[in-house]
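Naming follows writing order (A, B, C and D), and every chain is counted from residue 1.
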Amino acid sequence: MQKKLKVVTIGGGSSYTPELIEGFIKRYDELPITEIWLVDIEEGKEKLEIVGNLAKRMVAKANLPITIHLSLNRREALKEADFVTTQIRVGLLDARAKDERIPLKYHVIGQETNGPGGLFKALRTIPVILDIVRDIEELCPNAWLVNFTNPTGILTEAILRHTSFRRVVGLCNVPIHMNMDIAEMLGADISRVHVDFMGLNHMVYGSKVLLDGEDVTDRVIEMMANASDDMTMNNIAAFKWNPYFIKALRLIPCPYHRYYYKTQEMLEQELKDAENEGTRAEVVKKLEDDLFELYKDPNLNIKPPQLEKRGGAYYSDSACRLISSLYNNKGDIQPVNTINNGAIASIPNDSAVEVSAIITKDGPKPITMGDLPVAVRGLVQQIKSFERIAADAGATGDYHTALLAMTINPLVPSDVVAKQILDEMLEAHKEYLPLFSK
Amino acid sequence: MQKKLKVVTIGGGSSYTPELIEGFIKRYDELPITEIWLVDIEEGKEKLEIVGNLAKRMVAKANLPITIHLSLNRREALKEADFVTTQIRVGLLDARAKDERIPLKYHVIGQETNGPGGLFKALRTIPVILDIVRDIEELCPNAWLVNFTNPTGILTEAILRHTSFRRVVGLCNVPIHMNMDIAEMLGADISRVHVDFMGLNHMVYGSKVLLDGEDVTDRVIEMMANASDDMTMNNIAAFKWNPYFIKALRLIPCPYHRYYYKTQEMLEQELKDAENEGTRAEVVKKLEDDLFELYKDPNLNIKPPQLEKRGGAYYSDSACRLISSLYNNKGDIQPVNTINNGAIASIPNDSAVEVSAIITKDGPKPITMGDLPVAVRGLVQQIKSFERIAADAGATGDYHTALLAMTINPLVPSDVVAKQILDEMLEAHKEYLPLFSK
Amino acid sequence: MQKKLKVVTIGGGSSYTPELIEGFIKRYDELPITEIWLVDIEEGKEKLEIVGNLAKRMVAKANLPITIHLSLNRREALKEADFVTTQIRVGLLDARAKDERIPLKYHVIGQETNGPGGLFKALRTIPVILDIVRDIEELCPNAWLVNFTNPTGILTEAILRHTSFRRVVGLCNVPIHMNMDIAEMLGADISRVHVDFMGLNHMVYGSKVLLDGEDVTDRVIEMMANASDDMTMNNIAAFKWNPYFIKALRLIPCPYHRYYYKTQEMLEQELKDAENEGTRAEVVKKLEDDLFELYKDPNLNIKPPQLEKRGGAYYSDSACRLISSLYNNKGDIQPVNTINNGAIASIPNDSAVEVSAIITKDGPKPITMGDLPVAVRGLVQQIKSFERIAADAGATGDYHTALLAMTINPLVPSDVVAKQILDEMLEAHKEYLPLFSK
Amino acid sequence: MQKKLKVVTIGGGSSYTPELIEGFIKRYDELPITEIWLVDIEEGKEKLEIVGNLAKRMVAKANLPITIHLSLNRREALKEADFVTTQIRVGLLDARAKDERIPLKYHVIGQETNGPGGLFKALRTIPVILDIVRDIEELCPNAWLVNFTNPTGILTEAILRHTSFRRVVGLCNVPIHMNMDIAEMLGADISRVHVDFMGLNHMVYGSKVLLDGEDVTDRVIEMMANASDDMTMNNIAAFKWNPYFIKALRLIPCPYHRYYYKTQEMLEQELKDAENEGTRAEVVKKLEDDLFELYKDPNLNIKPPQLEKRGGAYYSDSACRLISSLYNNKGDIQPVNTINNGAIASIPNDSAVEVSAIITKDGPKPITMGDLPVAVRGLVQQIKSFERIAADAGATGDYHTALLAMTINPLVPSDVVAKQILDEMLEAHKEYLPLFSK
């Protein structure tokens, strides 16, 4: 008889789920899952049904003995789970739109994972993720939690600081995108290209590139400086890095670094976009509506190609790859969010970092990276300070702590503006911030 | 016969010199100086004469056996000096005006010690200060160098990183101002008030306030939050801290922190000022002209009270106080810029910090401060990264390093703007940046 | 009316008390104590009476308004105390004699503060000192605890690790002795000599010597290497340092370092002494009996000069000096045992160290010392590891932890011998180790 | 045509060479070596001939296109090498016998890699290994140096501190032996067992054991505590660990830890052995003579099984495995001696450590281990201090530095004995210590 292998996906009604299901189907030989529980909340019931039924059709088409369960009862679903993935969005895209729109009113970048928007996404999500962790500790303490809910760095920090649970890995699709872009630039298959990743989530740098084990970092830097267009992702404007800066930096920034190294251009672009096609949340909302229309089609039994435009491409696939390596004790190297433990010298040992790590059944083991180059050390440390304060604000609901997080965020231009944005956003999101009303 | 005690002041023609002379006269009993050499460069000859003659009249009036020497020959002056003070301004106030005006064209703060202006003041001054250090090492290796030339933090960093000379103390009048303001707030004589200072130059925080040895930090924070007006200095706009922020921070920021916690308001004020009364350099220039007119008066034989408006009040007095403690092995506590050596936990041990230290004949010994609170750690570390790169750029004249410093400065909004400002300022200041033309 | 200033001395029946009383009398002008409570336990009642009456006669002779209280009720005595000093000896000199005799049976150094003896003195004393701290937290939370009970380093470590009380200073007479010996060697009054002390209790090094503020370290090293006899203390055999070693070390070891750098000679001496005049405890016991005979004399109203032979000379005087500096917010420098906080780079920040510190009303503030020289770093770190494990063993009564402490102690030659000594000593001291019987 | 792949073995005349050749033959498919240069010095010419001819017969039997070169000209051999291995013994086994015999005269452990013997092996070898590194930097700068000459930890430290060459890996057969013993204990194939190794060479601990990725550390500790016999190696007496100690330690010590945790028993055994069958060097000398007799046999064309008794079993095989992983960019995990870089928290980042690392074409990348448990941290730090001072003594030939290394070694009982041993050993080895005669 087949050994039970149970995966629980919280936020199962997400539009990403078909990619996840596809990823599990593709890896069935090495990862023989017996049950997948898609869990959602009452408000997401309809979407859960649509996505869940598509998932069932996909599994049926693949002719695999995987049972798909749809559930609104998280605690029941978690019992004896082996892996738990989280892809939740507290307040849905409407809340994200507020995260984007409100800061823009103050001429401040409005973005899902950076600045005031990132702070509020964290404040709404932290209590929920801490609740999930408490349930896991009780109901399936040996499960691995693979979190790819944003902002995954701050959520991992919150779990490290406010629980004793350590079987958590934060996952992001940014490094895999960077890795693919670099491979493309080098004209090489991705399997031949290794990148050392070090930093924080959405603040990660490629510090070394190896092609078949040979150091080609300088070549990649040179190519980036001379490229006519630039690595970026669907959801981030493709402003080109100043070539002199890239050469001076001698590191490969991630697309999100544009919010810090091109603050002015990004803000202007966001203001223009908000006026024209709408903020990213508003654009995505339309994309999602279209996707769910597609998902309803009873003849659809594969992941529709349109999903890739959604922006989260490779997220779910990365999750499947990570789960398989944890399950199979593979020992391959993947970039993850995990406890630093000395991997990056000037980040506190007990903080979450995003770093290349060996993935074993015993969890991710970061590779020793030494210190961040001086030129980026300060910015990374500043964001880490912000993340720690933000994690504490989310876990406690303390107003002053939240104000501190807002004010020290480098995208916020003053203590006075910080308070104005904070107050307006606290009011706008109050339904999803119960700790702050106490 | 009197034992020789020789002080050399480089930049002796500065308008600050009368305060320095007054400070020495006041302390003659404990600091029996025999000769003061005021040294300047050819271009400053006229001012040197004016100030030098005033100094001679002041000494004569005090009826003290101090000989004042005026010299354009730095190396001759340095021979067997016991103390060397530096108060130089490479490029004079015209260069400072450019440091202020050029960034403003790009909507970036233009200030003497922060942002692009601070970077360029450092780039112009570092080669000169390193030259002075080399002369000292040769001609008076046992002298103490007391530097109060701005930006003193970056200059101290440059000396630590690019020479093996360690008998240097960087001095700033910001902590003494803060100390005085806090004492006033507490209604107590300054001798009863101790403040723990920790951070970097112009980025220093008061972390603890003791009144007669009792911890009154919370009381001071509360008073600051409720104050109707705010501690600041002549040269910095007096925007009030948001009281919620100050309580959340639970630290006493320095006036210069406004550039980081009130970036937007400060920029707007600077733009307005530049259009109306002129930038700070332009205002100071007029003040200085008036001062030198006063100084010329052959009947003047004291420090004229108008000097206090100049903005550098207590600078020279702090220097005299420091020199006396070094000379007399006093063991009192003063805030200085010196090598960290572990005093502030998350700043590299070999970096310059501004910190409360015991002053002995053997130099300043920082008091162990532990770690910076998380909320400010990131910003301080970011400025430290900037200072280290800036110090290297100044010492080497390397274009890419200078670009890196400019881009990572938190007041500069993008890599593209960074390059534009850098290029324009390199051109504007090229006369004073010989290393960059090589 | 006189402001209350209450000092409580736990272990008040100690033979050291007259020195303490003398110290307070001598400093009455700056430290106007109103009441001294001498507290002891039932078994010490007789000695308490003898010493207490002498104390009363001393105060009467000095004609000062200090009230001496004798008490067996610690909790009553502690109420609203301003300073608490501890000079207790759990198990009295008989226990110390066992600490010395038992290890010698295994050819292992038997000493009060080092090796197995030091471990057991810690195991017996830690529960008592933690109890005292709990009482202080409840009854006089603003008091300072000045502990000069041995092994003061491990006791301070235990308080730091197992309570949240921080108003504790560990005191030792070793640094003051070193300071005096160095001054004598230099032919200078002690007031002109400053020594930087860094390390751990009974493992402290003089790292720099200043005479009138000038660095004379090399001169002192040279003198030590060439001296015909050597600095030591009454209770430590005076083996001379090898002059080549001292020059290579370029640090001033403390007398107790002989146990580590002259293990063989010290062991042989101890074995010989044990056979002849008896161990140190046995010698001291006789001295103490004689002292108490003296103390009984109703005509005696001063500290008898014979006390100095006892071995603890300057202990009590150091305590008075420390208390006065805490009380008067003096800001002078004294070597104390306190939380490291970064003062010594490669010792954990939260560990106890012995280090030169400024003494203020707000407590001792260590001076930043940088890192221990490589040559001694390892030994100091090894003892610190031992101290931490010993502190945990004492606080928990855990057998395995105690075994670990015993085995890793560098004076213990094997895991097998460690267990033998541990078992024999646990049995011998079981009356005073209630936690280990649970 | 075959691509050149050149391996140079310095000390090619060693008795270990047949295992090395066997290892290369066995791995030819993945590691297609074209030339092996066996290099030795004039004094080793005869052995080189004997071993070299056996190597040629082995290759011939395997029918592989590997050319074996025998050479006394190191510089010629190094030209364009891809890998360099070193297995030298400066002063041959006669010197080792002195390293063992002389300390025993002073009742101090005499051993090849620990205590005074380890120090002198380092002092003799460091100048030679630094010379080799200088040759490599000039003649084959892209080669990897795989050093398995003892004491490999100190030699790696010396290279890190006294050259800028970083393509060096220090190798030891201790971890592989531990891994094999643990696998045997678990009754599992070694491929299923992973051990986290952390520490220093011959001072390495297994901190975690995974069986098929599951943590079985506690089980292994329990088995070790209860085992009737114990893991050790040919050359180290098999004293059993005290089971209480092993449980308290909760780490797996290496066989060489007996020198520190069983100093007394090991010394007694050594004294007995020296009197009876001779010291280890003397025993090995006979074994070697026998081996060379075997090697001479023109019919022998395989590694003779008798070699395993020699004590260095798996050394050469480990080297071949490492070289293959470097060459093939394998990414497998192997324990090596390399620069710490943060892998072990309380060892300086720039020091050599022995640690599990991923082996890539770009070199070994240590896995982040966090901090050493407190109980072993001190001892490891003490040995690291010793290693650093020893490395400096070897590189400089400075008498005082050597004396310092000798005195701080934990196996040496006093500063006086240290000087006696040092002086006698300097004299005995003076032929091989040219730097000390200058």
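Definition applied: contacts are C-beta pairs under 8 Å (C-beta built on N, C-alpha and C of every residue); 3 or more make two chains touch, one makes a residue touch a chain.
In UniProt terms the chains read A, B, C, D = 6-phospho-beta-glucosidase.
This one's a predicted model, so the numbers in the text were calculated from it and none came from an experiment.
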Furthest chain, CA centroid comparison against chain A (6-phospho-beta-glucosidase): C
Centroid spacing, where centroids are CA-atom means, of chain A (6-phospho-beta-glucosidase) and chain D (6-phospho-beta-glucosidase) in whole angstrom: 45
Intercentroid distance (Cα basis), chain D (6-phospho-beta-glucosidase) paired with chain B (6-phospho-beta-glucosidase), Å: 55
Overlap residues in chain C (6-phospho-beta-glucosidase), where contacts from two or more other chains coincide: none
Arrangement of touching chains [line / ring / star / complete / other]: ring
Interchain pairs in contact, sorted by label: A-B, A-D, B-C, C-D
Residues on chain D (6-phospho-beta-glucosidase) engaged by chain A (6-phospho-beta-glucosidase) in the complex (per definition of touch): 194, 208, 210, 212-215, 329, 331-333, 340-345, 349, 358, 360-362, 365-371
For the chain C (6-phospho-beta-glucosidase) and chain D (6-phospho-beta-glucosidase) complex, residues of the former touching the latter: 241-242, 244-245, 247-249, 261-265, 346, 374-379, 381-386, 388-389, 399-401, 403-404, 407-408, 410, 413-419
